[in-house]
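Here the chain labels run A, B, C and D in written order, and each chain numbers its own residues starting at 1.
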Amino acid sequence: METLLSLENLHVSFHTPQGDPEAVRGVSLELRAGETLGLVGESGCGKSLTALSLLGLLPPGATQTQDRLRFLDREWDRPTPEDWRSLRGREISIVFQEPFTSLNPVMRVGEQVAEVFRLHQGMARQAAWAASVEMLKKVGIPEAASRARQYPHQFSGGMRQRTLIAIALACKPRLLIADEPTTALDVTVQAQILKLLKRLKREMGLTLMLISHDLGLVAQMADRLAVMYAGEIVEMGDLQAVLGDPKHPYTRGLLACLPRLGAQGRLASLEGQVPEISYLPYGCAFHPRCAHAFKLCRRRDPELKEVEGRRVACHLYGSGE
Amino acid sequence: MNAPKPRALKWGAFFLLLFAGVALLAPWLSPQNPDRQSLAERLEPPSPLHWMGTDELGRDVASRMVWGARVSLGVGTAAVLATTLIGVLLGALAGAQGGWVDALIMRAVDIFLCVPTLFLVLALIVFLGPGIENVILVIALTGWTDIARLVRAEILSLREREFVLAARTAGASPWRLILKHLLPNALGPVYVSVTFGLAGAIMMEAGLSFLGLGVQPPTPSWGSLLTSGQDYLQTAYWLTLFPGLAICSSMLVIYLFGEGLREYFNPRAAQR
Amino acid sequence: MLLRYALKRALFSVPLLLGITLISFLVLHLAPGSPVSARGSLNPHISPESIRELRALYGLDKPLSTQYWDWLKRCAGFNFGDSFQDRQSVLSHILQALPATLLLNGVALLLVFGLGLPLGIFSAIRSGSPLDRAFTLSSFLAFSIPAFVLALFLQLVFGAWLGWFPISGFSSPWSMGQGWLAQAGDVLWHLVLPVWTTAFGAWVTVAQYMRNSTLEVLSQDYIRTAFAKGLGARRITLRHALPNALLPIITLLGLSVPGLVGGSFIIETIFAWPGMGRLGYEAAMNYDYPLVMGVVVMGAVLTVFGNLLADICYAVVDPRVRY
Amino acid sequence: MSRGSVWAAGLVAACLAFATAGCRGRGHKDYDRVPDADVVANGDARVDASIGDAVTLNPLLAQDSASDDIIGLVFDALLRYNPGLELEGDLAKSWQVRDKGLRIVFHLRRGVLWQDGKSFTSADVAFTYRAIMDPKVACPFKADFSLVSRVETPDPWTVVVTYRKPFAPALSAWAEASILPLHLLKGRKLSGGSFDSHPVGTGPYCLVSWKRNQSIELKANPLYWEGEPHIRRYLYQIIPDPATQVLEMKSQNVDTVNLSSVPDQYRDLSRSASFREIGRTFRFPGFNEYEFFGFNLLKPMFQDKRVRWALSYAIDRKALIDSILLGYGQPCSGPYVPSMPAYNPRVTPVPYDLGKAEKLLDEAGWKRGKDGWREKDGRPMAFTIATNQGNKVREEVATILQQQFARLGIRARVQILAWSLFDSQYVSKKNFDTVVLGWGLGMDPDQYVIWDSKESGPGGLNFISYKNPRVDRLLEEGRTTFDWKKRVRIYRKFHALIAADQPVCFLFAPDSLSAVNRRFHGLLVTKTGCMWYWPTRWYVPKSIQLYP
């Protein structure tokens, strides 16, 4: 499978009166066409920022730098607003976590979908409306024709998320980023949305980047998995490799916290908390919470290295077993 | 993620305390006795002796400004607070409850807007007699209607939000629903109306004192200084300049303080 | 569905108007003094005996309830009675003063919203920039300049010194003979300075409200979704940010409808503008009950109508409110 | 370009597009040294500025000065005052007083026409009397004619008025009553009718148009019995703000302005060289208005004459005039203004003498306590000074008096109230200590309604409750003697008596200040004014006429 997108050495920092702390400290990743990459980590580890940086949608007050961003045959080191606009909606789309506030409350739902058709494919008003109704049907909204005329506040949470998906996939983008798509929904609706995403991915040959703090959810969907901690990717590889034999202490800790059917005894939990990005410890950011931490971990921040079919950023594997 | 810019809040609070200090410490700060007339020095421009010149009766404008701060800032802030309090609460109640409560409050708004204020004031003077509290009462009685309608409109559009419905289903009492959920998001227009409300209240105090409801001569207030300056605008500009600047700067202080508060409570909106 | 709501509100406004007139009538009579004392007292020429006759003529000696009832009956037939001062019909007084005030406030309102809204949006988008800070500071300066200072400045510079505009007055005195168009041009020419004074302080308020509400809207999630769709900044501002930011402004517009009729006494006095401000003030000062009630009724109708209009517009623009 | 100037420029450009008539630059020639200066020419117009609009043009209803101004030009009365402030004939050529004042016979001028061409006869005078007394009209100055028993018209040119009691002020009443046209009003609505805004009189100017609260346009009456006025058009422009009036005057959009209420504007105009080229300023002693500081004589503190005199000595009248009126006023010593014939020159205004004031108060028992404030049997010497809101002069007087009395150890508090409140709750109910007020008097010296003890009842004008039988007798006598010289002597004695009693401290009479455009010639300027007989005297030389 050829590489759809590759990102090298992404840094995201916020400027505040007390200095410019970095929320993302040199993340590099690539996405192969047609695969599903899961990006997991506790909240505040920079996974959403990484996703947003792929579309240049960082909130004001944040600045992003990267060595190179390559998408199919195009390549940039510092994309201009026009470059970002050429990607957004047409090549890469995104679905956010908050369905309740992500739709314009005073515009009809059908119109918000049709807008993308009119903009990217220059469709006339009628054609765009028909296409939008079609798209809403595709994402599983009942009586799409009549519901399209309604307003967002008349839709349930699940239906609004489906609309957002319809908007994102209207122009058949190559990559769909789903940033915690189901977090705000209840469990039953969650399952439906995931099933929908799987179906659409298959039908439209999509590449999917699924971001979540819920390992269980990602495990059902992803082909490859990347674990982030304090603004860095600490372990990345095939799903089975990472889940079956987790190498990085943090990954191991995360998996230990997952409730298992039939398992007895107290759930394990990781001591300590995710460090504040403006007061990061030296060397490996995880070392204060790592049982195996030794002198080197406290001095140097480990790079990602190939270890048994996946890449890990930990000194345990650097200098021999 | 990043700490909100405390600068606006810091500067706002600093100036607010400064103005309040000037008002409270008037007796010690005022260079001369504000009521001492010296008809010989009538309408003199600002000079080392009189920093802000003298008024039509030869009284020192600088000391009248310092003493005037006591009335104007006192009445101004109290009236604006009262107006905002009544307006926000009734507006929120009308917006959140809807139905007959909403109709009742909104019709009260219509009534208060239409009753001729001048006669209301004159009637009040007879029954309550002149006095600063009555000035605050009148300003509040006639001022709350605008804010009420603005807040009600904001609340109406918030009402449908899921998180509100969720809170309501969880059995939140109307007041908890309003105070905890609806109001924090509906305070947008309130900031603006408070800022402009202050200047309005200061000028209204002058109007009401002019009719005999508020302070009686020779007690100074910024508003009365300004209105008496109108007759000498061409010959004595300073009678109008300094009260005008004072009102403008107090508006600025309230704005800075408000902006600081907003940044503190709602960083996302202010970050744009 | 909206029609039902509007009809319900319109029907409900009749008792409301009655309520307003009753309360105003009571407040009028509670206030100390009376039409007779306002003019006649302490005037050596007027004898107590003719004051008594005046009271009888005005019907002031009848009990309050009958006075109100008589007024209400006449009011039903659109006859608001005669002004105490010159016994001309109240309606004729109002109809003479109303056009001047509607013209002045109407044009000022257009200017205020026409200028205030774009500037508010502009400074919200540029929020935080030195330009925005300068704009906010200048808006406070503008707001705290008293009307009479600005009026005098305009009169001195543009009236007396440059002579571009007339210093005061509604129309050139000897313009009776000219054609309709010339007279209209003449009135517009007289309108310039008063409108500028009226609008100057107000458009700043609208600009700040707009800036504030635009800032609020720009931080919402659906704006981020719009960007994610790849829409251009201009389209996002017009199609997504503006409609939502305008909501509080509609209420503001509704609130300024009564102001349309009220007229500002100070500006009308300085520019010798024959408007409702002066009419209302003089009627109040002379305790001219029928004239005051006439002005109150008209103000009430417009206020109730203004608020009703604002609520309907709000429901039209914001689907969430439609009930 | 910063945003501020971009916006301003945009607005100005937009307004300029409106400017149709272009600017009205008025090059002014040198009005005095004009070749045809003394050639009486007809034409041009006089634009007069007034603070308020006329309320009604119906003489039966008019009470405000603006209405009186216009009515004075459209109508005539039987008599009028001359520059010497004595009565002379107007519509009546001459008059006699018969049977010791019980009957007055007026001999009317012949050949006088109404503005609509009908001839003026005695029937009009009789009709006017009946209209004034009509209860449905409730004419405010009806009282001046209450003593009339009959008005007969033996022939079209004589009117005989019979009184139940001799009533000297009757002559001045007939000098103020405008005569109404019988043929236009007979059987029609006397008040509230169309006549109120379309009056027809016998005066020098007729009404052209009345744009309410804007302007009243009059034109010369070709049939006027003293000859058609030279100035063919007169415009009464309503400009409520004195400062704006002065601006319009400087740009020659207005020709005559009354500046009495804005002495600082008068001073600037009279000192300005540029204004002197186009206009003249006039200052005359005021003749019908004075301000006073009145006591409530029902209050024990003020019943002691020494206290009243002490307070009067404590008032520095010169300082009041210099600071409030910029010196444009005369201190007065009694209920008359220095320029009135009835003023008693031998009674001098109370001098400013703190020493005497201190002595008198000590004698009266109001001694200074340890803290310097005066008190008597434990009660502090304190009272309120009340006045009505809206009158800047009185507010400043009250505030200054408070300060001047403080020097004497008296705690005075100022109370400024809206007029209706002041009148109904304080003055009529007599619950006040002292007031700062003023009286506007007519031409006739009779002040019965103000000072007679019988007038101190509720609603009466003697609200200070001044009772002095000798004064009552003098007033009664003054009302019944027609001989002008004897009347003047009576009222001068009355003036001296009141001054001795000091029921009120008479303060000052503001001067009357005005400005007139220099292009007008033929002004009759006397000690008492410059507007005398202007309709028949004023003219503008052809070469410098401003209006077509």
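Simple rule for what comes next: a residue touches a chain if its C-beta (ideal position, glycine included) is under 8 Å from a C-beta of that chain, and two chains touch if they have at least 3 such contacts.
Note that the structure is a prediction, hence the values are computed from the model and not measured.
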Per-chain CA centroid nearest to the all-protein CA mean: C
Relative to subunit B, chain with the most remote C-alpha centre: A
Dominant interface by contact count, named by its two chains: C-D
Inter-chain centre distance, subunit C versus subunit D - centres from mean C-alpha coordinates, in Å: 36
Subunit B-subunit D separation of Cα centroids, rounded to whole Å: 43
Whole-Å gap separating subunit A and subunit D, where each centre is the average of the chain's CA atoms: 88
Distance between the centres, which are taken as Cα means, of subunit C and subunit B, whole angstrom: 21
Interface hub residues of subunit B, defined as touching at least two other chains: 122, 125-126, 157, 160, 233-234, 268, 271-272
Junction residues of subunit A - those touching two or more other chains: 101, 105, 153
Subunit D: positions in contact with at least two other chains: 243, 418, 420-421, 425
Residues on subunit B engaged by subunit D in the complex (per definition of touch): 35-37, 39, 42, 56-58, 122, 125-126, 130, 210-212, 216-218, 231-235
Subunit D partner contacts - residues on subunit C that touch it in the complex: 31-34, 37-51, 53-54, 56-57, 82, 85-88, 93, 96-97, 115, 119, 131, 134-135, 138, 152, 155-156, 159-160, 162-174, 176, 182, 185-186, 188-189, 191-192, 196, 268-272, 274, 278-279, 285, 287
Of all residues in subunit D, those that touch subunit B in their complex: 243, 262, 264, 268, 319, 322-323, 389, 392, 395-396, 398-400, 402-403, 413-418, 420-421, 425
Touching residues (chain side subunit A, partner subunit C) in the complex: 55, 57, 85-90, 93-94, 96, 98, 101-107, 115-116, 119-120, 151, 153, 164, 167-168
List of subunit B residues in touch with subunit C within their complex: 98, 103, 106-107, 109-111, 113-116, 118-120, 122-123, 125-126, 145-146, 149-150, 152-154, 156-157, 159-160, 188-189, 191-192, 195-196, 199, 203, 226, 230, 233-234, 240, 244-245, 247-248, 251-252, 255, 268-272
